Every structure is written in C-alpha cells, then in structure tokens.
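Order as written gives the chain letters A, B, C and D; numbering starts at 1 within each chain.
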Amino acid sequence: MKKQTLSLLSAVAVAALLGTGATPAAAERTAKIAGFGAKSGVVRSFGVNTEAVMQAAVEHINSQGGVKLGDGSMAMLEMSFDDDRCNAEEGISVLRKIASSDALVAVGPTCSNVAEPLFGILQRSVDDAGDSGLRIPIFTDTAIKGGLAKISEWAFRNVPNETEMYRTLFLWVKENYPDLQTVYGGVEEDFAHSRFTWYNVMDTRAQEAGFEVVGFSKWLLADTNFTQQVREMKKAKPDFVALSSHPFTLCGILKEMNRQRVRPKLMIGLTSSSSMETLQGCSKAAEGIIIPSSFAPVTDAAKMVAKLADEKGGSADLHSAAAWEIVEVIAQVMESEGVMATEDSVQEDRRKIRDGLAKLETTNGLIGTIMREGDGEATKPYLYVHAQDGEWAVLHDPGAS
Amino acid sequence: MLELRGLSKHFGGVRAVDGLDVTVERGQIFGLIGPNGSGKSTTVNLVCGVFPVTAGSVSFEGAEITNSPPHVALGNGIARTFQNIRLFSELTVWQNLWVAQNGQESVRSQGFFSRWLSGNRGQRASVEEQLEFSGLADKRDEPAGSLAFGEQRRLELARALAARPKLLLLDEPAAGMNLEEVKQLDERLRWLNEQQGITILLVEHVMELVMGVTHRIAALNFGRKIAEGSPAEIQQNQAVQEAYLGRSEEEGDEGGGSS
Amino acid sequence: MEIEIFGWTLLDYFQTIVDGVLYGATYAIIGIGFTLIFGVMDKLNLAYAATALAGAYFSWGVGTQIPLPAPVAYVISSIAAGGFGYLVYLCNFRYIPSGAPLASLLATVGMLLFLEELIVHSTQGMPQPYPALFDDVMLEWGDFGMRGDLLFVFCLCVLATVFLLYVLYRTKLGMATRAVAQQPVAAQLCGMSVQGTNSTTFVIAGAIGGIAGAMIGASVGILSPLLTVPVTVKGLIAAVIGGLGSIPGAIVGGLLIGAFENTFQLLRSVTERDMYVMLLLFAFLAFRPGGIFGTASRHE
Amino acid sequence: MDFIWGLVQILGVHTIIGLSAYVILLTGQVSMAQAGFCAIGAYIAGMLTVLAEWHIIPGMLVGGLAAGALACVVGFPALRVKGLMFTVATLAFGEFVRLFWFNFDYQISRGGFEIGPLGGEGFRQIRFFPENGWSTLEVAIFVWVWVILIMAILWWMDRSRIGAVLRAVGEDELAAQSVGINLTAVKVTAFTIGGFIAGLGGGIYAHYTTHVEHLNFGVLLATFAIAYPILGGLRTVVGTLLAVLFIQGVLVEGLRFLGDLRNILFGAFIVLAMNLRPAGFIDARVTRALGRLFRAERGGA
C-alpha cells in the first residue's frame, strides 16, 4: 500500500515534468513568447494583470494577421505564462524551463528579487563565449529596482526611469508651488525597490530641485504601527512629503498622518503605488497624493488596453501596460530582424531578437514614444497622476508642455 | 562506598527527602524500602544527579559528587535502572547496549574516533557479552519497544551493566514480575554482587526479594529514615510495620523524574 | 527640565513605551491563543495567526456584500475564526496521533500556507480596507498623544482576556479544559471527552483570535496577507516570553514586546529593531527558559 | 534539458538544507536557525568568491566552517532549553542573523562597479559558475557531489555508534544521560554539524542564484529546512531526499499544470501528507519492510 503510494507519487512527478514540455501542435506557424511573474502571495495581482494584458496584446496582434517571418510567411504569436511565486529559485527554474522550450523571448518577472538572480544567470556580454550563462532575451515589464538591466546584455526592461521622472517632478513642484521649501522623506527600508528609490532617486532629485530635505523616516514592508515615524515627521514640520513606499505601508502611514493631523501641503508617492491597490486600501487617506506614472488611460491606445485588460480579468496599470508595449515591440523586432521561428532556429532567433532590441532607439508606447537607453533600460513618457475621489486622475503631462 | 549525609529534596512545600543519612559499604546489597511516596526513587535520582539536592551531600568512594549530572555519575561508576523502564524503544536491542558503552575501562582508554564513531572491537565484544547475559541474543535486531515486559527489564539491567559500574542503583526492578521471574532476578543480583563484585542499592517493594537478597536495609517514610538494620531486624521493627500497614492501600507516584 | 538620554527626552521614552504597549495588546491576544492551545494539548498551532486573519478577512468579505457596522464585523470575524479554529483542529490534530508532535507542527505550517494562499486568491493579494472604531480619535495632552483606536483595541483585548479567564476558571467547560490539560488520562477516566475538550479549546482560541485579527485589521485600517507571518512570529514570542501555557504570561509578554520593539526603534532604527528584539528573546530564553510566569518543569 | 538540470540543482541544495536540520532533529530538537546558518554560508562564500576571487570550494568550506563555529558557540546557551523553547530560541537567533545581513554593507569598487553586499538591496553578481564557464549540468553535478558526500557521511554516521547515540538522546534524554551520554556535548555536536551543513548549502545557494538578499533566508526557508526531514521521516537520510523531491519536484514544479490551484493546494498537500504519514514517508514500518526484503533476497541468493 505504502509502496503503491510512493510509486504513484513518483509517477505523477515524472508525468508532470514531462508534460510541461509538451504543447499542442499548431497547424500554422507560431512564434512563441513566454510570460512569467508572480501569481501567488501578496504580489499576485501583478502577475494576474501582466498575464491579462499580455494575452490581450497577443490576441490583438494575431487578429491583425500575426507576425511576418524572415521567409515571408505569417506566424501567429503564442504565449504561455508561468507563476514564479516571487521566489528567486522558482524564478530561475521557470526561466530555465522557458530557455529549454522553443520560446524566443521571456517577458517578466514581477519582482526585483527574482529579476536579480535571473539576470545574473544570463550571459553577461553576448560575445563572451567563456560565460556559460543562459542566452535568451528577457524583457521585463514590472521589476523596477534601479539599474538591473545592466547586469546582462540579454536583459531589457520597459520600466519607467525613476530618476528622470522624479527629477522633473520635483522641478515641476518647485515651479508650481513656489512657497514649498522643505521636504520630508519616508522609505520602506527592507524592500529593494522602495529603498533604492528613496536613497538614490527621491532624496537627491529633491535636493537638486532646490528643496531642503529636513529628514526622513524608515519603516519595514510588513510594519503596521507608524506612530513613531509620523511623530518624527510632525516634528520636522516639512512643507511636503515624499514617500517611497508600496501601497500597504503607504496606506498605513497616510492613515497615521491623518490621525496625528500631519497635513503637508503636498504628498508625493512611489510610482508603484499609483495602482489600484492604494485606492482599494485607503482612497480617503491617499486623496491628493501625486505620483509620476508611466501609464494612464489618456490616449485612445491606452484606453483600449485598459478595456481589453479588464475583459481578460486584469487591470492595466503602469506595470502591466508595459507588457502590452513589450509584446508590440517584440513583434516589431521579429519582423525587422527576420526571425524564422522554426525548430532549428530557436537560438539564432533569440540572438536576432536580442540584437534587434539592443538596436532600437525608440519604441512606441501607449502614452507616447519610449526612449531606449544603451544599457537595456528605457526612459518612458510619464504623467503626474493624483488620487481624486477614489480614482487616479491625470494632474499634469510633462511631455505636453 | 556511597555516603548520603543530611540529604534533602523539597518540591515546593513537599519534603520528598528530608535529612537522609545512609552509608552503603563496598560489596553490600543495600535495600531501600518504604511505602509509596516515601522518597526512595527521589533518593536514587539525587544520587544520580537527575535534579539538584536542596541540602546535604552525596559522596562516592570518599569523593564528594553532590549534584554531578547523570553522565558524570556514570563516569564515576554509578549506573542505574528506572522504576518504569526507560529503554530507547526505537533503537534495536543491540543499539541500546551499544550506546551504553561508556564505562570507565571501555571508554577512557580510547581516542575520540573509536569512542564516538566506530566503536572499537572491545565495545562490540562487550555488547555481545551483555546480550548473552541478558539472554536476548536472538532478539538483537528487534526494536527494544517490541520486547516483552520481562525482556525489557533484563535489557535495561544489561544496559546499566554495560558501563561496568561499581555501584548499581536498581529502582524497583521486580515490579510487575511473577514469582518465577523474581527468583531469577534474585539469583542474578547475587551473581552480580558475589561474582562481579558490584555493590547494589536496591529500591524495592517486593519483600520476598528484598528480605532474601540484601545485607542491610534502610526503611523510609515521608522522606525520613525510620529504621536501618539487617533484614531480620527490619522485619521486626515496629515503625516499619506501622508505616506499611498505615499506608499500604494508598497509591501515589514517587519520583518527579519518572513521571 | 529637558533631561535627555541618548538624545531623547523622558517624554519621548514615555510616549514610545505607551505606543508600544498599546500596540502590544494585539501580540498579547495572539499569544494567548498559542498559549491556550499549548496548555491543553502541549502542541504548537502555527496556523493560529492565519486563522485569526482569515476570520477578519471573512468578515471583510461579508462586509463587501452587505454594509456592516464595525462592531458587527468584529463579531463575525470572531465567529468565523472560531470555525477556522475547528477546521485547523480537524485537519492537523484530530487524526494525527498525539505521539507525533512534529507531524502536527508541520501540518499547521501547511495549514498556514493554505489559508494565506486562500486569502490571496480571494483578494488577488491586494490590501483591503477594514472598518475601525475611533480611528481618527487622538487623545492629546500637550506633546503626549495616544491613539484612540489603539486604546480601544487595548481595552477590547483586556475584555477578551477577562472573558477567557472567566470561562476557564468559572465555568464547567473551563474546568474540563483545565482537567484535560493537566491530566488527560485521568480526565478521560472520569468520563470527560478529551477530543471534545480539545476541539472546544480550538474553537474558543479561534474565536479570541478572530477578535485579535479584527483588531489588527482595525488598528492598521487595512488587511493584507503580508500580516500573517509577522503576527505569527510576534504572537509566538509573546507566548514564549510569558511562559508557554500561562495566560497572564502571554499578556505581559505581548505588551513587553510592543514596548521593547518601539524603544529599540527609537534608540537604534527600524532596521535594527527586530534584530535586538530577537537577540533579547534569545538571551531571555537561554537564561530563563520557563518564561516570566513559566512552569518549566511541567512541559519538559 | 537545461531546465531539468536546473531543477536537479535546486533539489540538491534543498536536500543539503534539509539534511542540516535532519542531524539536529535526530537529537529530538527542532532548529529554526538553519536559514540563518544558510545566510552565513551564502554571504561569506559569496564575498570570498566575488570580493577575494577565491575558488568556490574553499569559499564554501570557509562559509560552512563559519556557520558551524557560530552554531557551536550559540549551541551552548541555546541548548540549555529544549522542546518548543529551543525552537523559538533558534527562530529568534535565525532571524537575528538574517537581520544582521540586512544591516550589513561592505562594498568595494572594481571596474567602475560597486560590488559586495549592500544591506537591504542584497548582494548581486555572485557569478562564479557562469564566469568560469560551468554549464548547468556541471553545476548540477557539482551540487550533487556535495549532496552525495554529505548523505554518505550522515548515512555512515547513522549506522555508526554516534547515530545510535544521537537517536538515544532524541528518544529519552534522561535515560541517555544515565547510560553516560553527555547531553550537552552530543547536542552541541549535532547543532554544529547541522550549522556546518547549512552553511555549505547556503554557499551553493548564493552561487546558483547569483544574488542573495536577507529576505531569502526568512522563516519560510527555516520552515522548509525542518519540513523536509519531518516529512521524509527520521529513519534515514533518504527520507529527506524523498521529501525534497515531493515538495520541490512534485508540489512546486510538477503541479504547474494545475495553474492557480497549485499554490492553494501546496499547503493542503502538506497537511494531507502529515495526516497520512505522521512519522514521515519512510517510517519504522517501511524500514523494517525494506530490511526484511533485503535479508530475504540475500537469503534466497
């Protein structure tokens, strides 16, 4: 009986391992792209949104006839999506699986702590034959921690350039609110992205814009009690505050500020917080907070994506909307580089896509043109949005002026 | 050989052992009797250092060993058995004896590796010897927990002897035995005492055993010694009879360590 | 008048400690749950904090369907968590032999992961607003301030404890529970159902946890699955510092942790706060293994 | 294939981490500090290969030894307590270690890049394997050489006297003391060995993920470390391996076809497994049955 159970389990394991490789054979030519991200744990909504948007983008391209291959025939895009649980090892496993399949490019991941090791196991520079790292292009939509793509030449990102966004944001604040002099910071200290953004972005950019940083408070990702931090903030009597924090603690700190009647004249938030999460958690307390965001349904294209994402059971926000742009760019590169999408050309096609991506100087974005930087990063157009009556409303479009 | 001077142990307000003076001479089989709860098991536990004494001292072969922990007591040559058998029931019979090869002669002379890791030939030979002695040679690979009650008792005794002790503390070894088994035990104890020269402190209820095998007896009640003398003297002793008659119907647990 | 120690005034310290103690009430109440189950079964239920939060989530879920006043939500949370507590008992203790404590321990970890993921999937992991009472009240005396909602949470925790002590020491059910805790075999011989008592304990502990879960949600104003692990760890520490099995111990333990972590945060920084709390706990356990109100000998 | 070898690496590293807890579990103690020891091994080995440019083997050994030494030092106070108190004390210690690395910065500049651990942002570019051209298969083999080495040593130890001594302590401390076993020495030894093995596991972990940060070494990893041997059964080291296969191979990778259900069922499967096999996959009955099988075969041949 026991032995039966064991053999059953191992049979399931083997079957499952084998089964994952097999996909239904398609009658027509297909080019495969592989999405992955976190669909478990507290960051589940990110993965769900990315998957929905990617799915919508793939269907959109296919409905227009698909992608033209190097031999002139048309291919349909086919996508898969895997969950990495925002766990480094599982992310590696997923990426290896993608690399072992005939997918030409990987889109993901959600978490920066997964992106770090993933980019680490990639070959660092394409011409270094001695480097045994993986050779598959990754195009990242969500993981936003600063400076990641330079880890490998196979890594590309379509995430907002925070340095640029906050530089202009602070300047804009300086110009439009001349009576503001001092700023107080807040940083979610144990999360790589928020930490990086405060120390390397907000703090320095605010000073560059001529503000005096009168101090900052720190808290942790899962903290729930902010009395001390807000008291520090209160003592510093800043004109406005800049909070580098994800929605959960952002809500906590905003509520505490209300309670202690700390009412700065202006609040600035982390770009990742310009999502539904913040509004779900504390729309009242967040009222008025200004956040630079690389997505808002302001153009026709953006509106369409928002609607399609909705139909797929996700929502388009600054992270997931990037997946749409990524799929479009990939399709475009596939055509321009003459990808063959045959069984034998997988490795060549990957290299072609990588080189094509590296060559790009600009790409089309949903709210404007995206500048590609040399190190695989992007500078995306962005807007300043603010929370108004439980929704994100566009406050200002720096590109328009 | 073993001297207890003013030995006391209080658990909260309960005086389990209270100012006990006992001297066990080399070569004796010394009986410790008393009704349930009179402090016999506690005394054994104090000698072995299972818990710290409240007051008084224990000395062994002229050296003070009060409060030395059980493994040190064993190193000094004091081995014991438990009132309710405590074998390593998941380990095999053989392993039970093997882990117990920590007596002076078998251990001290060896280097670290043979002591802990492989176990040298001497240890293995010694295990075989004890298997033979306990009559469990054919059950060597059985888990100790699967043995019959009497076999467990024999194994526990063999395990205590594995350390080649000078003094053996037996805590009610005859509990639950039938008359035949008691008789065997009687012979075995005599053999150990006479042939092996092991001094024995016997805590026991079964009077057939105690009165037959011991050289000298101390009787306890409420943690105090109420009488000491030869078996014959104790049998005549008024106080002992009263203690047993007065309390014989009561049940209770004796030692904290065995619960 | 301004005496400064390490750069902070006495008022700062007082304020810090009061904040910490008030917030520590939630740790205390989770600690009570751990201690209660440990006291009766001698086992650890690591899924406890997860059931507490699951209760709160359940009441949030009901609240999305029909608008609920805060107190009603708290009661629903408590009832639901009681139910989850029973579920935990069934899945992790009822059918696993009592001689396999490690199996139960690990099963409760599985349960924790299961409940957490269930919560994630019902909310997509997004933080959800939870109704609070007095959450915009701030009692102030000069520079000194006290959060109204935390004060309320604190009072409710005290009430829950008093209620629990009443149940344990003044009702027949409580007597049975204590009897089973101390002498399971004897209790069984006297005709008490050990399983019945055990499951009742899980339900009661769960219900108390449901209140704690609701209070945590209320004091933060948001529910998030992020809370499960920290609350589990802090509640466990509270129970252990106080002496596992001791209800007053868990209370004191919880409040102490609240006070200590806030003080360390003031003196060092938030990043080092937990490091010192852990070090303190480690030292404390090594040198006073029984806890503050511990009966170390009983549970060896 | 790359995927399979990658998975084989993961299975290997998790087996090592599970075995580190196995040794300690034999003495009846549940240590939640294994993630902390892993962190020490990971950071130290990583710093040695990245900053000091050592080879990985000495790097791992030094990381393991450091973790083992710390385990030894901490073992003395920690092992004053036992049972749940020990579990919580080690939990506290493991978290302390994690938070130590959270607060630890040591970066040097090389080739225009800042390299080395940087507190909350982690420690990136631990690329010994790819930089030296090791293929995924080679890394997998490297990992499994360690796994097999450790398993063989533990297997041999299990069959030797020290294995019996560890189990004796795990079963009945008082009886073990009474037959002359020095509890403190045995338990601290086991804890030290466990720390050393966890340190080795951490060393590999850092290199095959190329990036470590404190969050990798939280309560969850500590829980998995004890989950493997408990789920596999404490009768033999093979149990731990089986449990790793079950959790990492079946529950994590194997059930992907279930989609979203996979994550929900993860915990439920653990609950179910513990209900069906409270003493682990390989319990006393299985070992006895296997033993009989072997003996019968030998007898028949």
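Criterion: a residue touches a chain if its C-beta (ideal position, glycine included) is under 8 Å from a C-beta of that chain, and two chains touch if they have at least 3 such contacts.
Keep in mind the model is a prediction, meaning the values are calculated, not measured.
**Student:** Any idea which chain sits dead centre by C-alpha averages?
**Tutor:** D
**Student:** What chain lies farthest away from subunit D once each centre is taken as the mean of the Cα atoms?
**Tutor:** When every chain centre is compared against subunit D, the largest gap points to B.
**Student:** When the C-alpha atoms of subunit B and subunit C are each averaged to a single point, how far apart are the two points in Å?
**Tutor:** Centre-to-centre distance between subunit B and subunit C: 47 Å.
**Student:** What's the distance between the Cα centroids of subunit A and subunit C, rounded to whole Å?
**Tutor:** Computed from C-alpha means, the inter-chain centre distance equals 36 Å.
**Student:** Taking each chain's centre as the mean of its CA atoms, how far is subunit B from subunit D in angstrom?
**Tutor:** 41
**Student:** What's the distance between the Cα centroids of subunit A and subunit B, rounded to whole Å?
**Tutor:** 72
**Student:** Touching at least two other chains at once: which residues of subunit C meet that condition?
**Tutor:** Correct list: 116-117, 120-121, 229, 271, 274.
**Student:** Which positions in subunit A are in touch with at least two other chains?
**Tutor:** 40-41, 189-190, in rising order.
**Student:** Based on which chains touch which, is the overall arrangement a line, ring, star, complete graph, or other?
**Tutor:** Basically it's none of the tidy shapes, so other.
**Student:** I'd like to see which chains touch which, written out pair by pair.
**Tutor:** Pairs of chains that touch one another: A-C, A-D, B-D, C-D.
**Student:** Which residues of subunit B touch subunit D in their complex?
**Tutor:** Touching subunit D from subunit B are residues 48, 50, 69-71, 74-75, 79-80, 82, 86-91, 95-96, 98-103, 107, 116-119, 123, 143, 159-160, 162-163, 257.
**Student:** Using the touch definition up top, name the residues of subunit C that touch subunit D in the complex.
**Tutor:** 38, 44, 91-92, 95-97, 100, 102-107, 109-118, 120-121, 229, 233, 236-237, 240, 244, 271-272, 274-275, 278-279, 281-283, 285-287, 289, 299-300
**Student:** For a test of understanding, state which residues of subunit D touch subunit C in their complex under the given definition.
**Tutor:** These residues of subunit D touch subunit C: 25, 30, 77-78, 80-85, 87-89, 91-93, 95-96, 99-100, 102-103, 119-120, 218-220, 223, 226-227, 230-231, 260, 263-264, 266-271, 273-275, 277-280.
**Student:** List the residues on subunit D that touch subunit A in their complex, please.
**Tutor:** For this pair, the touching residues of subunit D are 1-7, 10, 102, 120-122, 124-127, 129-136, 208-211, 213-216, 242, 245-246, 249-250, 252-257, 260, 262-263, 276, 281, 285-286, 289.
**Student:** Flag every residue of subunit A that touches subunit D in the complex, lowest number first.
**Tutor:** Spelled out, the residues of subunit A in touch with subunit D are 2, 5-6, 9-10, 12-13, 16-17, 19-20, 39-41, 82-83, 85, 88-90, 92-93, 96-97, 99-100, 113, 116-117, 120-121, 123-124, 130-134, 145, 151, 189-192, 195-196.
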